[in-house]
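Mind looking over this structure? Questions follow.
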């Protein structure tokens, strides 16, 4: 009996070793993306068209991803940093330049998204998706107009508010509410924002990132700070939900595709980036994630309703009232500290 | 017997147990300056910041309450199970052990569904005519999750000590006129103390360092030491401070190991 | 206290331990995404579960790492125990205490320390580092299951084998190992279950494209409640139940055998 089990075990191990899909071969592309930020069929299609394998993994915030890449503990070939993180990583030499000649589909990206302040000349990045931050609320629980961040500090909604478990976003909301810039580098302003978030804490149900959508769909909370795509997907499933831009202004962000410096498969990575910019693929991703596409043909193909939906494609007036996060250098330490104080309190 | 048989393991032990721990010590006691890496106690000074002391205090409080609840509800279970009037001990024991074999995350996740505002518990309360209660994302939810996950760790070590208590000691006490309460107080509790101590450490240690339960059931509001360590390593990249926190946890472990040196029995072992 | 009261208390505790799992099992057949309403019976979530490539891959890694790490740990650990058994008192307790560290240390500290070392050595995190980490925390469990059996063993049997001219290695394989086999099997099973259940250490030591079930569930749970996880829970519960029943039968028949032999 024992012998049989032993033989069986040995066989299994042999088979396991032979089949080990973890072996790093030249034809495997390691993609590190935000949770739920790409249609899975896109990956399958890329694998089939190019005869390669894609290993796909997800992160929850820019900071998570940054630490993983910076520590050198993990080698990825494709990442999706937001603009301020991209700026930081480029400055710290964590990215390699992209040869735009290998990305013919780059021409399909709307010019207003190119050559941005965070990456002049698109040396390191190609735009992927963009969106805003706003308040998703449940009309059956909130009977007033939502037009200000102040509502998140309203005692009426005690334990019915979901905040974002991401330091730049949550501190940014508090800064905007106080009338400051989301990119403030004044200790006094950060301290004030920190205090107001600590003061708000008893009202907050939870600090979440990806759970917010599910919670809002199931009427578990009245108000949530969410990214626009989450709002679109949630609103499609629950008619009581609505999305509002606070009058104090909000955050507009651009997520990009980039290649970490440690990647040894630049060619394949560039093929992947080009693939992501292809109209049919970019369309699939825009539809799946609910976020707004910088790709012109995609926007044209979208159905009328979504294209005119101010949540996804806000008016210029709203956009001009939104701020883009900027890389704030070493001052980020101060944000880190403030954030830990808020969560630990 | 042949000592050389252990040499591969010795190499392994040094490589993967000793060296990593030394690295933690190294990161905890040094800091990066312009002039290179220098010895520094800065990270420990940072731990003394009232903010982190608060986190430590909260971790200990939650772990202590959870441990106490585990003890209060677990001790009678062990006591009843070991008493002679139970015939199908192994069946009951197995019933208590089986949930432990489910994935730890699934066990925690289960409570997410139960405790929601529109979850089963609140539906039940509503049905019975009570109002809704905010269960999820509270300190109570974290404690509940901890108790649920670690209760068997309390029951098993106590039980395994109790079944070995000689029946004749109990009957001797009874013959001498002790009532059942006195038997419990004067005989069972002192004799089962090694199991209790073992159970306490088995529950307290993982409870104090957990970051999953507090993250999932506490909604990111009840940061424990585990959460802060995770944050240092995965979010802010401040490995020195994270290592210092880990070092403190390690010292705590060593102290508790010292206290229960006499009882080497490990609860996880007794599960099989 | 009366027996029925005790029994009632035990069943109350058992109810507490099982209720959450049972609720998940029921909900796994609920044809509505919402947890609040019953939308009819369905196998939909099971079908979706088996279509989910990530979960299946995570399952594969969980089993592969579990088996590989427990087998390797069993081999290294068994020989280590035999070797340590022959140590002098001081080195015996030194090695034993160091080996005890991963057992008693907080998982997060073990995980973080291994991560630091992999980064320090510049090893890319992935399947290999995950395997190393699992072997590392598994070995001590083997050693501590085998050592007591060595103490119980009659050392003269081994010496007799040597006297009869067997070489030391052969006598260990042919004489010692069979004697301590129950300890080895216990250790192996323990290592395997700990490996497939681990989250914290894996969380810190896995890398691109390699996750196990625990990590996958964690990231899914952070995205909200997903009926697929309910289906997964149900399946795992059924498998665990079945395995335990089989193992229990086996050990029951083993005890019988042992009793007969003793007579």
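For reference, chains read A, B and C in written order, and residue numbers begin at 1 within each chain.
Convention: a residue touches a chain if its C-beta (ideal position, glycine included) is under 8 Å from a C-beta of that chain, and two chains touch if they have at least 3 such contacts.
Quick caveat, the model's predicted, so the values are computed rather than measured.
The minimum number of touch steps separating chain A from chain C is 1.
Each of A-B and B-C has its own count of C-beta contacts, and the greater count is at B-C. Between chain A and chain B the centroid-to-centroid distance comes to 35 Å (mean Cα coordinates, whole Å). Centre-to-centre separation between chain B and chain C, using Cα means, comes to 18 Å.
Multi-chain contact residues of chain B (touching two or more other chains): 116, 118, 233.
Looking at chain A, one finds that residues 71, 208, 218 touch two or more other chains. Shared interface positions of chain C, i.e. residues touching 2 or more other chains, are given as 34-36, 115, 222, 225. Within the complex formed with chain A, the residues of chain B that make contact are 51-52, 54-55, 116-118, 134, 136-137, 218-221, 223, 227-228, 231, 233-238. Chain A meets chain B in the complex at residues 61, 63-64, 66-68, 70-71, 159, 165, 201, 204-208, 218-220, 336, 340-341, 343-345. Within the complex formed with chain C, the residues of chain B that make contact are 1-10, 12-13, 16-21, 23-24, 27, 73, 76-77, 80-81, 83, 85-86, 92, 94-96, 98-99, 101-114, 116, 118-120, 123, 148, 151-152, 180, 201, 205-206, 208-209, 211-212, 215-216, 226, 229-230, 233, 239, 242-243, 246, 249-250, 253, 256-257, 266, 268-269, 271-272. Touching chain C in their complex are the following residues of chain A: 2, 9, 12-13, 16-17, 20-22, 24, 28, 30, 32, 35-36, 40, 55-58, 60, 71-76, 208-211, 213-215, 217-218. Of all residues in chain C, those touching chain A in their complex are 33-36, 53-54, 57, 60-61, 64, 67-68, 71, 115, 118-119, 122, 124-128, 181, 207-211, 219, 222-225.
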